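Per-chain numbering from 1; labels A, B, C, D and E assigned in written order.
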Amino acid sequence: TTTDPTPVEKQQLRIATTTSLDDTKLLNHLSSIFEEQHNAEVLIISAGTGKALEYGQRGDVDVLMVHDRAREDTFLADGYGINRRVFAYNFFILVGPESDPAGIKGMKPEEAFTTIREKGMADKNIVFVSRGDASGTHSKEQAIWKGAGFDYAKDIQGSGDWYIEAGTGMGATLTMANEKEAYTLSDIGTYLAYKGDLDLVTLVDEGDILLNVYCAMQINPEKYPDINSELAKDWVNFMISDETQKEIASFGVDKYGQPLFYAAQNDWAEIGVTEAEVSVPIA
Amino acid sequence: MYEIVEGIAEAARLIITLDPGVMSIAARSIIVSFTATVAATLISIPLGAAINFGTFRGRTSLINLIQTLYSLPTVIVGLLIFLLISRVGPFGFMRLLFTPTAMIIAQTVLVLPIMTGLTISALSGVDTVIRDTLHSLGATRLQFLANVMKEARFAILTAVAVGFGRAISEVGAAILVGGNIMASSFSGSTRTLTTAISLETSMGNIPQSIALGTILLAIALGVNLVITRMQHR
Amino acid sequence: MYEIVEGIAEAARLIITLDPGVMSIAARSIIVSFTATVAATLISIPLGAAINFGTFRGRTSLINLIQTLYSLPTVIVGLLIFLLISRVGPFGFMRLLFTPTAMIIAQTVLVLPIMTGLTISALSGVDTVIRDTLHSLGATRLQFLANVMKEARFAILTAVAVGFGRAISEVGAAILVGGNIMASSFSGSTRTLTTAISLETSMGNIPQSIALGTILLAIALGVNLVITRMQHR
Amino acid sequence: MIECIDVAKRFGTTAVLAGLTARIEAGEIFAIIGPSGSGKSTLLRLIDLLDTPTEGAIRVGGTDVHREPEQSLAVRRKMGMVFQKPAVFNTTVYENVAIGLRFRGEGKVAIREKVEDVLRMVGLAGYEERRARTLSGGEMQRVALARAMVIEPEVLLLDEPTANLDPVSVALIEDLIFRLNRDRGTTIVFSTHDMYQGQRLAHRVGVLMKGMFAQVGTPREVFTLPASREVARFVGVENVVDGVVAAGENGTSVIDAGGIRIRAHSPFGAGEAVSLCIRSEEIRIAVTSGDTPGRNILPGTVTSVVPRGPFSRVTVDCGVALSSILSWKAADSLGIGEGSRVVVSFSPESVHVVRRG
Amino acid sequence: MIECIDVAKRFGTTAVLAGLTARIEAGEIFAIIGPSGSGKSTLLRLIDLLDTPTEGAIRVGGTDVHREPEQSLAVRRKMGMVFQKPAVFNTTVYENVAIGLRFRGEGKVAIREKVEDVLRMVGLAGYEERRARTLSGGEMQRVALARAMVIEPEVLLLDEPTANLDPVSVALIEDLIFRLNRDRGTTIVFSTHDMYQGQRLAHRVGVLMKGMFAQVGTPREVFTLPASREVARFVGVENVVDGVVAAGENGTSVIDAGGIRIRAHSPFGAGEAVSLCIRSEEIRIAVTSGDTPGRNILPGTVTSVVPRGPFSRVTVDCGVALSSILSWKAADSLGIGEGSRVVVSFSPESVHVVRRG
């Protein structure tokens, strides 16, 4: 047996992440590797995107992992976050009942949305369930509406019984869509996790606008000098390391028969980020 | 900490301007929790009386069970009701899921144990001589119960206050069977103050959450003033 | 409905195999809620006694306020504690956020109103002649309180049962200030039965949720058997 | 009206009533007297269906009340009860008294009239709006009485109804009970520890001892001819002397009581163990033994003189201790005090002899 | 020991005590008698610091108890109280009695010894392990007494301590109180509605009426020389006759009472409104007016003969109603009944005259 003569207190790294990412268990998988490598303890706090950003803004965590480009930019611009790195991506999907009452299968996302809205106004059996919780997924949905030429607040919200805001997490929203035989926008990970209990099928899964990009960033140590910035840096770098990127690319294959994420490292051009953001470690 | 002040100021603003969105949410909270409390009262009082005055085998175990159910998490209540009324559940045909009715049912089930338990405790606190006096004056079963309750009104109304408090403040069951829906119609929506607070919190809107919480407490205060008035009659 | 059966079977399996993950979560639940209940008891009993036996201005308003706080949503309690202990909050320097200690504080605050209210109700139920007798026998303030509580032990322990039930079943505050962390060390984790149930439910693992709920109720049953034993001493 | 047949009542292992049998007639006033803890309250509670006997049966108006539960309410509504420690409902005096009438669905006007009537009768007119919880002990007891009386029951069960009352109120309540019985024919069963109250009010008195009625009879029978040593002691026969019959003939016996010999009328033969019961007021005390043919005459020494109401109780040691009751004036004029030598006398007829054991 | 100075107590608008002043000496037994609701319990509660007077002061052993709150506990620990409706703690009889000793931190062994002693004294030996809630009324009252006595207080306050007890228990308790006072010098203040108990036990009696002591004096004074018409009525003077002094000389007056003239000793002058108090036992009844020089003699008709204990109360209408007390035997031998014509006589000395109004 070996005895450690100087037992050092394990350092703790606090990460705030959005629920949909945490629910895939990807982070659990990766953090155990990281803990081993760095003799650290990783504490993962999963919350809605807004709350996760709030935790970051108040300096209650060291690292933030979200998927909402616009709000990330604001967060960085306000000086709360630094050193964003993109580590993975996948696509949102538009799911709905197999019967597809609006007949949107195979359409472009914007077209499908427009169709659901139009038919939904006339036919009470056509319903769209929105996350309605200012999450990354909800932001994406709003972006699609905008892309289709609608003013979200005016033309969509409260425009009729066809549009329902669930105001809950992805899982609950999927359950609700399933109960109501409605359409909804989902991230692929949660959909796959719920698939067994659902009658919903994927109807639209192609289109640039469905791109879902995940990043990790450090909380700015200039704002909160006593946060664990060294370990935070290590984590971000760990996420874009080659080994981790391999792990990400293969994660979930054993369980779902398909990967839940694509590694960002080599696809930076397709997903519209700089090379530095996917491969250059933080100094 | 400024969020608290900001939240309370926001609450005042929402109340003064009668913000329609917030008003409809508050109204729904009141309707749902009030109905659930009334339903639970109507069940728990006869039930509590039957248990308290009854002499049957397993009485102590039953009381134990009831006390244990004080710990029933709201999410579990929500789940059980969800399983019963979801499309594939035994009552799925009634299409209750994601309606205010479902929330009422869930909250009723949720507060039943505690209201029944506190009713038993209240009734058992009534002096035996009072009970004997009522019997000796020729009270029917109903007259007996009505008068024992009158004597125990303070404690019974405490039970109601506790029940209402638990109903209006819970969120787990409401969100599972209600769904926190914001639809264009009042009756199609299931968003209540607590589910809205949850949502705002998950969105990081702390002042807005606190504003809604303040409104909820204002409602609770109103209800409790009525209850206190009745207690001291 | 088969999920319920499956869930209960799963609960049995988890208990019998002493599943280490579940055991540590259950242990944390017990530690947190038990500590919070004890802390709240230590505060609410003297507080309730002071209010019940005191004669000061605003007494009725205070009781009203306490009753109103029965309706305090767990999320709001969580938020308030969060604002106090988050890094930029007044107690941020203590680094309590996302620790079991934070959960204990939040649950203590959460159950204080109801435990104080029920303590007041319990003490006020003690016959005035009993109180006069204690005074006339020369009881000190402490002796007086101890003996009034002994007379009201049934109702006081009901208050404790209600408090424990509320603490162990709540999730809103625990998740906000605890964070539902599953870390590699026991002390670094903050996942409790209710936060785990929430998580499992949000991931659609209904049988697993019900299993955890069943385990929670089993714990509550154990605690309540002890309380009932004390009530009938 | 009320029949108790072999009634037994046990609490756990303690037997309180053990095979009690009695019959109370309709229209009768029946007093239950007995030591503290003898089961008076228990018996009244059994009759009022508030508890069930362990054995035996109780019939009220022919109904076996504990075996015909569907008759419970009807039987109960025939009876009114006042508890030993009455409790009042936490409301006004008026509501406290009205409640039985409300149970019977009487009209508002009738209720008001009856309640005000009965409150006047118990001396509580004007107390209508007082909160009952703030009443004094005696006031509360009268409210309880009014509450039971106002429903005009066929049977009124009263558990020490005047225990907390001053003599003036006692007189008021006794008069009320008397008139209730006379005018409405109400059957009244009451327990009391005031022997004289039993005597003043009751047609018959039952002495409850060791779980049974040791004696049932008219007040005069019970007070002058107690059935046993214990009853005699309990009904206040101050002088109970144990002895053995030395000689008996023609209904007159000579009894040997610890050395002194006493003549008395008795049916017992020589050798029997008996107790002699002599009421204080039958015993005369004089300074010299005057002209008292046929009386028992015993010289002795005064051991105490104790005031008792307008009288004094004088105790004389004549081998056995005997006490007599004298008016203050008489005691003064005899000039006796502790230590005085006096002569005690009483007639053989005034000695009541009971078998001992 | 205990001084009440101008004590007033109001509940809302009802004045219960109004300027009551009294002084109870150390080592005294003081009885408070008075009608139901006159404030006996209220006064005892004020002395025991369970309530505060609206006005005035109460001093116990020199301490102004209601103005020196820091002394409260010390003063309270000097006193023991038994309530009118005693409550027991929901535990065993033993624990109920031991509690005061526990408060004072006595040792286990001492407690056991004292508790068992006192239970024996009140006649409840063997009741130690009984749950106090299941006791009978009288048993509970004795537990309350034991509980107050066991702490050996300097002052014992007893609110109708024997109200629920049978005569045998009453005698036991009275003896106990008597010995407590004699052997330990305990000051005892008790309220009672049993006039005779006041007389038997008390050194002095206070008659509480209309918020004040209408009279304070030795039992003999209060019973034979009541200070007013009301006191006379209350202490059981059966014959209270209103009249006006017609002529007064040498301390002897002639009083005109509704037509009939009565001679009596009195200090009042002609024209004064007075009441005459005559105790029943001072009034003689005869069939013919015999040789009775100097006595008031009034012929009349018997209106009722009512048994009272071993006596009968005979009421005669002689213009005013007068009643006398006769033994059964005397009543029998006179052969009187309702309607009999008799002659009533009483001496001028036996008439106690008080000013009216």
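Criterion: a residue touches a chain if its C-beta (ideal position, glycine included) is under 8 Å from a C-beta of that chain, and two chains touch if they have at least 3 such contacts.
Small disclaimer: the values here were computed from a predicted structure and weren't measured.
With contact taken as defined at the outset, subunit A and subunit B are each touched by C. Counted as hops between touching chains, the shortest connection from subunit A to subunit E is 2. Placing every chain at the mean of its C-alpha atoms, the farthest one from subunit E is found to be A. Each chain gets a centre from the mean of its Cα atoms; for subunit A and subunit C, those two points are 35 Å apart. Measuring from the averaged C-alpha position of subunit B to that of subunit D gives a distance of 57 Å.
Here the CA centre of subunit C is 58 Å from the CA centre of subunit D.
Along subunit C, residues 201 each make contact with two or more other chains.
For subunit E, residues that reach two or more other chains under the stated contact definition are 85. Residue positions 47, 172 of subunit A each touch two or more of the other chains.
The complete set of chain-chain contacts reads A-B, A-C, B-C, B-D, C-E, D-E. By the touch criterion given at the top, residues 1, 3-4, 60, 63-65, 67-76, 79-80, 83-84, 89-90, 114, 117-118, 121, 124-125, 154-155, 158, 161-162, 164-166, 168-172, 176, 193-194, 197-198, 201, 206, 209-210, 213, 216-217, 219-221, 223-225, 227-228 of subunit B touch subunit C in their complex. For subunit D in complex with subunit E, the touching residues are 11, 33-37, 41, 84-85, 134-139, 142, 160, 163-170, 193, 195-196, 199-200, 219-220, 223, 233-234, 236, 279, 281, 306-311, 327.
Those residues of subunit E whose C-beta lies close enough to touch subunit C in the complex are 45, 48-50, 73, 76-77, 79-81, 83, 85-87, 89-91, 99-100, 102-104, 144, 147-148, 151. Of all the residues in subunit C, the ones that touch subunit A in their complex are 86-88, 97-98, 179-185, 188, 201-204.
Within the complex formed with subunit D, the residues of subunit B that make contact are 127, 129-130, 132-133, 135-140, 143, 147, 150-151.
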